[in-house]
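One chain, chain A, appears in both complexes that follow, with chain B as partner in the first and chain C in the second.
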Partner chain A sequence: MGSDVAVASGGFLASPTVQTALILGGFVAAVTGIVGVFTVVRGQSFAGHALADLGSVGGAGAFLVSINQVWGFVGAGIIAALLMELIGVQRLKGRDVTTGVVLSLGMGVTALFLYWDTTIGSSSNAAVSVLFGSLFVVNPAVIGPVIGLSIASLVLIVAAYRWLLMSSLDTDLATARGVPVRLTGIMFLIALALAVELSSLTIGAILSTALLIGPAATALLLTRRFGLAALLSAAIAVATTWVGVWVSYESYNWGGPTNWPVSFCIVALIFLTYLAVRIGAHIHSRRLKPATEASAAPAVAKDAGRHVAEVMG
Partner chain B sequence: MTHSTQEWNDVPGAVLSARDIRVTLSGKLILDGVDLDVAPGEFVGLIGANGAGKTTLLRSLLGVLKPTSGTVERPRRDARTGGVGYLPQKVALDVDAPLRARDVVALGLDGGRPGIPLHRRATRKRVDETLDAVNALSFAEQRIGEMSGGQQQRVLLAHALISDPALLLLDEPLANLDPASAYDIVTLLDRLRRTHRVAIVITAHDMNLLLPVMDRIVYLAGGRAVTGSPEAVVRSDVLTRLYGRPIRVIRAEGRVMVIADDAGIPDEVHHELPAEVAGASGSSGLSGSSGGGL
Partner chain C sequence: MFEDFMVNAWEAGTIVAIIAGVVGFFVVLRGNSFLAHAVPHGAFAGAAGAVLIGVDPLIGLGVFAAGGALTISVLGRRARSDVITALSLAMMLGLGSFFLSRSSEYSAEVFSLLFGQILGVSSVQIVPMIVLGAVCLAAVGLLYRPLLIASVLPEMAPSRGVNPQIITVVFGFILACATTMSVPIVGALLMFALLVGPPAAARFVTRRPVTAIPLSVLLALVTIWASIALAYVSDWPVGFFVTAISALIYVAGRGVSALRRRVPASRNTARVEAEAVAA
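Moving on, here comes the complex of A and B:
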């Protein structure tokens, strides 16, 4: 988690390590936040989690063959996405069960590779890096590829935007409207794989689901507009990542027995943001209820509550 | 109201033409050679017991389900017409899904295109007008997932209507609707087929509202379709045979009521009346709904 690396002196923004972390973390967070909203709406959070676990096979394997982790994660993630499409994860009846079985296998192989990494290879950091991320130790050489892959994920999402909405509404309606439903599913799975694997690189395979779902869930509490939800989610993801990087950086100066790992800081902030918004929305709807209930029909009262919640957001 | 009792088959210029549709699902024969022609402006009721294959037939007509054999000719979507408008029986959407009623309706216009939609004012106005036509404007901003079944159905109907379809395939659009909303929807559909010559195929269990507007009824049983005039089909003996349980058709004061016969209706009410009474104009469909559906 980078605790063994001197993040060092010269001020927060002057540190090259911090700069790399902010650039990488920011891009990855923005894309993952946007993809997350579609993931929640399509009910594919679990598939996202599975892709993280399967991608970690590649992340762990990368240490064995001495290639950069990013290629391990992304390569394994894309292969996993295509395999999931091939066996029809999106159409299967017990798709959660199937996904769960494949996911467990992924974790098993990851454990094996991580064991080999430390026994055969010499990468004692491999486990921590794969599972909990490496935002502070990532090689600056991967900035280019990471930004490129982030943009690729975003392009897929933008291209399939309306198709994704139509397919999540109803596949028959989508098909009747000429939406290539299967292609849409593949495009989304690849975009999801890219987002999740890049998050695995930055905050770790285990925690990447938090970045995928947390900001999206928060944004969905704040607005009913799809486009706005995607933008809000991206903003929350980037903000929590940047603040997380800052808190982690500052914690080196707090003189405790240890610093606060960056992945932990980010995930904690995501959770706290969600909690705060959730409580805020709850209080708002409570305060609103007695005022409108007397005068308006229930549906209208509910609607009014949403309006206020949206203005608040 | 035209109740043509013949000439349904091989209507020249039919907007929909299905021949010998056979559908097998998981090894089970669901449809066993169904023919159907629908003319522009025609209002066709599709009835049958649960599991008779109504939804399966509509999906085959729509083209999202490939029949095992048979052919379907349906209107295409082009610059002049929106092709086929479809209303699914139900959609399963998360309550959190940020799709508002107006988003769903706008997707009816351009949901097939790639990219992010940027709607002009004219489009937004059209969305509002369509929502208004189905009495859904008041909840235009609400999420589709958090709507009641009846509200959802009205929004989905607007989604189907907004592209000016030549044919509407509606799968139980009146289920979940309160009597007033159901009456409004039937009136709207009847107006559309008169003014825009939209052909309508509609499934429903409660026929009372549809009787005044249906041109004919297609009923499905045992995988086969039988077509008849409402007068010929909406009879106690025919419906009882079709649904396999006692059903009574009551005609009185120019109105027709179809009721499941568990209630112990007095015998004298249910005597044969002249067939013309069925669907006679001026009968308010709304009155029938008090009898309860099938």
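Moving on, here comes the complex of A and C:
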């Protein structure tokens, strides 16, 4: 947060800090937005959020043994994803309790690591930087691995696209069609862990959840076609990230001790976009058919059912 | 371990464990773990904001906890509630980081709001805790039956004169109340662990609410007492012990239930639960 002052020098696009923020932020936002559509449809928002928080275990651990934070975040994310899968994230019933137990245990271990970080090392700001992060203070050493692993996450999603589509929309039908539902679930969780950890590392755990869920939920209000929703979600994620970076940059001139935190600007934009689209969709559906106003979730499921019939047929 | 300055910690821990054991039973029953994570975690933003404008942090916590719970239950009515919970949580945390950026020296206090400072409780802090805790318990006691019916048999609730949507909002407020009293002392993290681990373990052992709630309280008490003792001896953060012991208890509860499932007598646990409610 203090280092954000560096941003003030030079024009917006000329500043290297801004350039890094725009490129890395845009990249991570696009991948997170695409993975987010599946997360929302599969009802795994809590897992997505938990994985973002759990990355901080790895982040704090990496501080402790001073290795590159990327490997700490990604390692912790994948271990947590496999742990959740192992103790039953695939069953709907009791899934949120399982996620909750893994999440709280992970946060407890984070507390221990941060305690060691602050008592043994001298990095007293470790806690805040691990939890909040900022696009403006990205360590250049993480840029290469982040882009490589983001691509790996996308490749996993694309490779499992058809399986994922079928098993996300109708598990029983997918099983009947010979889709390896459990393997698909594991592949998805790993892709989710990668995407979420990378965004959590570059832009902070807060923003990671917002980018994962917000653009995807907005896109699913606008269209019910899966491919289109994924592209739309990525576009919304990138757009809000870039506008947020700009607002945060500009806010330096608005007075106050520092500029507005970039995470806050992006989260606020995502939240407002979702609310605006939700209100718009509500007014639209009321005008079209005042009597038969269906709630959003069943409508998605119904249309998705038609869509899965197209895919499978 | 029982010196004067530790007495407050034991008292505060005991109060929190009782509340968390009771409220947590309904959190697990309703499948509201994400809400139980989001409300205490997001509410810290309120404390940050309150400090910024020079108000008692407890008021900020209360406003954000109640506002967050209300937003989630109202917006979640027509959409997937997990999506709304995630978005609201991110928004509250974003506001928290905004408030933090406006004031200069606050990192240490944020750390304690997230991870707790139970070993440094003053006797002044105990009073609002007891009051809010009593409000929580009274609300649960008063609404015990509607809460059970709306949680276990939501589709049957209207025929019994219970509106599940109103119960959702009311439960959100109960959670907010429990959060406000405990977060300044035990931290968001520890509160969440106690709200989920011990109650879930209790429900593995017995499905009857009348026995599960006391068992859940008992397990929460064991967790917090053991944690305070271990934290005192080792000087490690108390949050680590609470989460680790909660997780252990949860795993043990699962083990008990897996062993028992081999015995065919208690095959239909869901039916037992429904009967307990209907009776």
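In the analysis below, the second predicted complex is superposed on the first by the 276 of 313 C-alpha atoms of A that agree within 3 Å, B and C clash if a C-alpha of one lies under 4 Å from a C-alpha of the other, contacts with A are read in each partner's own complex, and residues count from 1 in each chain.
By our rule, a residue touches a chain if its C-beta (ideal position, glycine included) is under 8 Å from a C-beta of that chain, and two chains touch if they have at least 3 such contacts.
None of the values given here were measured: they were computed from a predicted structure.
Of the two partner chains, neither chain B nor chain C is touched by A:Leu154.
Once the two complexes are overlaid on the shared chain, A:Met84 sits clear of chain B and of chain C alike. Legend: residue contacts after superposition of the two complexes on their common chain; A:Leu165 is shown touching chain B, with no touch to chain C. When the two structures are aligned on the shared chain, A:Val74 is found in touch with neither chain B nor chain C.
In the superposition on chain A, A:Ile206 contacts chain C only, with no contact to chain B. Of the two partner chains, chain B is the only one touched by A:Val179; chain C is not. In the superposed three-chain model, the partner touching more residues of chain A is C, compared with the other of chain B and chain C.
When the shared chain is aligned, chain B and chain C each come close enough to touch A:Gly43.
In the superposed pair of complexes, A:Gly108 makes contact with chain C only, with no contact to chain B.
In the superposition on chain A, contact of A:Val97 is made with chain C only, not with chain B. Overlap of the chain B and chain C contact sets on chain A: residues 40, 43, 217.
By the touch criterion given at the top, residues 37, 40-41, 43, 158-163, 165-166, 168-179, 217, 220, 223-229, 299-300, 302-303, 306-307 of chain A touch chain B in their complex.
Considering their complex, residues 28, 31-34, 36-37, 75, 77-80, 82-83, 85-87, 89-91, 93-95, 97-98, 100-104, 107, 110-111, 114-115, 189, 192-193, 196-197, 200, 236-237, 239-244, 246-247, 250, 254 of chain C touch chain A. The part of chain B that touches chain A in the complex is made up of residues 59, 62-64, 77, 84, 86, 88, 91, 93-94, 96-100, 103-104, 107-108, 110-117, 138-139, 141-144, 146, 148, 151, 156, 159. In the complex of the two chains, the chain A residues touching chain C come out as 1, 40, 43, 45-46, 48-49, 87, 94, 96-97, 99-101, 103-105, 107-109, 111-112, 114-115, 124-125, 127-128, 131-132, 204, 206-207, 209-210, 212-214, 217, 256-261, 263-264, 266-268, 270-271, 274, 278, 282, 295-297.
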